[in-house]
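Read through the structure below, which is laid out as C-alpha cells, and then see the notes.
Residue numbering begins at 1 within each chain, and the chains themselves are lettered A, B and C in the order written.
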Amino acid sequence: MALLEINNLGISFGGLRAVDAFNLKIEKGQLYGLIGPNGAGKTTAFNLLTGVYKPSQGRVLLDGEDITGKSVIEINRTGVARTFQNIRLFHELPVLDNVKVGLHNQMEYSTLAGILRLPKYRKVEKEMNQKAMELLKVFDLDGDAETLAGNLPYGKQRKLEIARALATNPKLLLLDEPAAGMNPNETKELMDTIRFIRDEFDMTILLIEHDMKLVGGICEELTVLSFGQILAQGETSAVLKDPKVITAYLGE
Amino acid sequence: MEFLSYLINGISLGSVFAIIALGYTMVYGIAKMLNFAHGDVIMVGSYVVFVSVNSMELPTVVSVLLSIVVCIVLGVVIEGIAYKPLRQAPKLAVLITAIGVSYFLQNVALLIFGADTKSFQSVVKADPITFAGGQVVVSVETIVTIAACIIIVLALSYFMKHSKMGRAMLAVSEDSGAAQLMGINVNRTITVTFAIGSGLAAIAGVLLCSAYPALTPYTGSMPGIKAFVAAVFGGIGSIPGALIGGILLGIIEIMGKAYISSQLADAIVFGVLIVVLIVKPTGLLGKQIQEKV
Amino acid sequence: MNMIKSMSKTTKNNAITYAMVIIAFAVVQTMVMTGNITSLMNGLLVPLCTYVILAISLNLTVGILGELSLGHAGFMCVGAFSSSIFSQLTVDVITTGWMRFSLAIILGAIMAGLFGFLVGIPVLRLKGDYLAIVTLAFGEIVKNVINAIYVGIDEAGVHFSLQDVTSLGLSETGLVLIKGPRGITGTPKDSTFVIGVILIIITLIVILNLMNSRTGRAIMSIRDNRIAAESVGINITKYKLLAFAISAALAGVAGALYAHNLSTLTALPKNFGYNMSIMILVFVVLGGIGNIRGSIIAAVVLTLIPELLRSLNDYRMLMYAIVLIVTMICTWSPKIKELRERYSLQNWIQKKKHAKEVV
C-alpha cells in the first residue's frame, strides 16, 4: 500500500479549476518532486493535502486512512507536516522553542500542571528539551538554540522550518520550495540534508521546487503540473526529458 | 405617531454619527489606523463655534466656516506631528499615540474652558415644524442635520469616484505600496484624508451641539466611540457602510432609550454591535479578506 | 550546555522580576510600619497593586496572545461586583476574614474568567481592530448594565429592577445588593497592601510559569504565526480562549482586591469604563508589549507620576498625554531611531567588536 494516495483531487475558486483531476501515489520512503511553472497549482495542491482548503472533489489517503476534508490540525496529527514557501516561523520565540511548539502534541501535561510546575511538567519538559536539541543538531542549529528565530539568517530559517515540521513526528513531509532564495552552495547542502532526513528518519518527502538541479539531483519520481492539470508523471530522468514538460517550462 | 418622531430623532442622531463615522472610516481605510482623537476634534470644533458666536459675536455661517477651517488645520497638524513619524510603527504604537492626542486635546480644552458645561446656542434659529395635526414635532436642527448628512455623503461619494485625489485615496486604501509605485504621493493623500475627516468632524460637532446643547471637554468622547462603533458596524473602510451604520445606530439608541430603558441605551447599542460582528465579522458592508497561505 | 544556559536565562529573568516585587514590598512595608509614608501614598498602595495585576494580566492578552483588548476594565468590574456581593451575603456566615476574602477573590476570578470565555467566542472569529471594538463594547456594556440595575435579595429570592430600590419589592428583612448608579455599599474592607502584594506574586507565578509551559508556547506561536501554529497541530480556538479566559480571571482578582478597598463601589467611567481599560493598555504598551516586568514598572511609575504632580494639578493629565505621545514617537520614528542608533553607546561598542571580528 502506498503511503500517500491521491485520487482525482480537485478544487475551483470561482469557476477557475486551480487543481483538477490530481492523482498521485507515493511509496513509503520515497523522495517525490512536484514541479511546474508559476501558478500551476502546486501550492494549492499542498494546501489541499494539509487541510487549508477543502477539496471540491477527490480523495486523499494517508497510510490507508482517509484524510479528505479534515481540518489542518487533524491532518497534522494523522501525520502530515509541511513547510511554507514564504517562511513562517515563530519569530519572537527562540529557535529551541520553535521546535518545542512542534513537539506540542507529544507533551502530555495539563495547563495547570504547567502553571504549578508539577513533577510531570519537569519530567516532560526535560525529555522534550533533549528531543528538540537532537533535532536541532541534525540541522546544525544546536548552537543557535537561544537565538530568536527571526534573527536567524535566511538559510538557517529554512532549515529550522523543516526541523519544526519534523518535530510533529510526521509520516509525510511536505516541503514548499525549500531552496528558494538559497545560493548554489546552500542548495547543495540542503540536498544533502533532505537525503539525510529521508534516510535517518525513514521519511517520505514530497517537495515543490523550481531549482531543476535540486529536483533532478534528489527526486526519484516527479509530477509536473500545468494550469492545474497533470502534464507528466513518472521517473525523474524520463519526465525531465519529456518534450511537453520542456515546452511548458520554456514556452514554444 | 410617537414612534414616528422617535424614528426621525433616531435618523437625525444617526446622521451625526454617520458624519463622524465617515471621518473614522476614511482615515482607517487609507492610513489603516484608528484615530481615537477623532471624537475630540468634534469637541474642538464645537468650542470654536461657541467662542466665535458668544464672545466674538460673529455671524453663524462665519463661525461654522471658521470652525471647519480650525479643525482641518488641527487634523493636518495632528497627523503631521503625531502620526506621520509612526507610519512604519506597529498598529498598537499608533493607537496609543492617538489616545495620547485624545487626552491632550481634552486637557487643553479643560485648561482653557474649564470643566463646567457650556450651553451651546443652536446654529439654526427657526421654530419647529409640526406634522400630522401637531402630533409629530420636528425641530429644524433635525432636518438640517439629516440634510447635511445626505449632502455630505453624496458629495464625498462623487469626490471619491470622480476626482483625481479621490481615486488616489481609493488606490492608497487598496494597496499603499502599489499606489506609491504608481506615482501617487501617499503622504499627501493621507494628509488630505485627515483634512476631510477633520472638516467633517467640525460639521458634526456643530450639529451635535445644536441638538444636544451641553458642551464640555469630554463632549466628543462618547459620540466619537459610538461613531467608531457605527463605522465598524457598517463595515470599516466603506462610505455607504458608515452611513448605514451611523443611521442604524442612531435609531437603535433613540428607540432603546424610548422603549427599553434610557439607562441601558448604551448597552443596547454595543450589544447590537457584538451580535452583528458575530454574524458578520467584517460588518454589514465590509469586505471579507482571505489570508493567503 | 546551551540548553542549561537558555533555561537559566529565563529563570534568571523571572527571578529578577520576583525579587523586584519583593524588595519594593519590603521597602514600602518598612516605610508604612515606621510611619514614613504620607496618607496619600498609603491610600494609594492597594490601588497600585490592583493596577499592577491588571497590567500583568492584560499583557497576557496583548503581549503573549497578541490580540488587542480595550475592555479589560469590564472583566475587572465583573470580578469586583461579584466578589463584593459574595462578601456582603456571607459577612455574617463566614466570620474568618481571610477565608471569606479568599473565597470572594476566587469567585471574582471565576466569574470574570467565565465572562472572558464568553467574550472570547466572538473573538475567535474576529481579528485585530474588530476584536478591539468588541472588547471595548463589552466593557461599556458591563459598566452600563451595572449602573442601570437594582438588585436585592430576601427570603423569596433575588429581585431585579431597572427603576429604583422601592420597585424591587423586597420584604422587610431584604437586603439591597446593587443600587443602580449608587452601586454597592458596605463591602467589608478586607484588602490590605500585604494581600495585594501576595496577589501580585500569585499573578506573576501564573503568567510566568504559563509562558514557560507548552500552553504558553502554543499561545505565543499563535501570536507569531497563526497559520504555522495550526500546521504543527496547535488548536488555535482552544488556546486563544484559554489565554483570554485566564487574562480575564486575573483581572477579576484585581477587581476583587479593588472592591474590598472601597466602602462604596460604583461603576463610574473612570474606574471601570473605557478610560480605565485604555489606562491599563498604556501601562502594557509603555512597559513593553510582552514584557511582564515592564508592565509592573510602568503601572507603578505611571500611577505615581500624576499623584506626584498633584501640585501641578491642572497640568498633570496634559503632561501624561504628552509623555505618551513623545514616548511613542521616540520609540518608533525612523528618524529618531536612526539618531539613537548612531549615538547609542551600546551600538558603538558592538560595532567595534564586529569590526574586529571581521578583521
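Annotations
Following the convention adopted for this analysis, a residue touches a chain if its C-beta (ideal position, glycine included) is under 8 Å from a C-beta of that chain, and two chains touch if they have at least 3 such contacts.
Computed from a prediction, not measured in an experiment: that's the story for all the values here.
With chains reduced to the mean position of their C-alpha atoms, the one farthest from subunit A is B. Think of the whole protein's Cα atoms as having one middle point; the chain whose own Cα middle lies nearest to it is C.
Measuring from the averaged C-alpha position of subunit A to that of subunit C gives a distance of 41 Å.
Our note on geometry: subunit A versus subunit B, Cα centroid distance of 49 Å, whole angstroms.
A separation of 31 Å divides the Cα centre of subunit B from that of subunit C.
Counting only residues that touch two or more partner chains, subunit B has 293. Multi-chain contact residues of subunit C (touching two or more other chains): 227. Looking at subunit A, one finds that residues 52, 84 touch two or more other chains.
The touching residues of subunit C, counted against subunit A in their complex, run 2-3, 5-7, 9, 205-206, 209-210, 212-218, 220-221, 223-225, 227-235, 242, 290.
In the complex of the two chains, the subunit C residues touching subunit B come out as 62, 68, 121-122, 125-130, 132-134, 136-138, 140-141, 144-145, 147-148, 162, 180, 227, 274, 278, 281-282, 285-286, 289, 314-315, 317-318, 320-325, 328-329, 331-336. Subunit B makes touch with subunit C in their complex at residues 28, 34, 82, 85-86, 88-97, 99-104, 106-108, 110-111, 225, 228-229, 232, 236, 261, 263-264, 266-267, 270-271, 273-274, 277-278, 281-283, 291, 293. Residues of subunit A touching subunit C in their complex: 50, 52, 72-73, 76-77, 81-82, 84, 88-94, 96-97, 100-102, 104-105, 107, 109, 111, 113-117, 121, 125, 129, 133, 142-143, 145-146, 164-165, 167-168.
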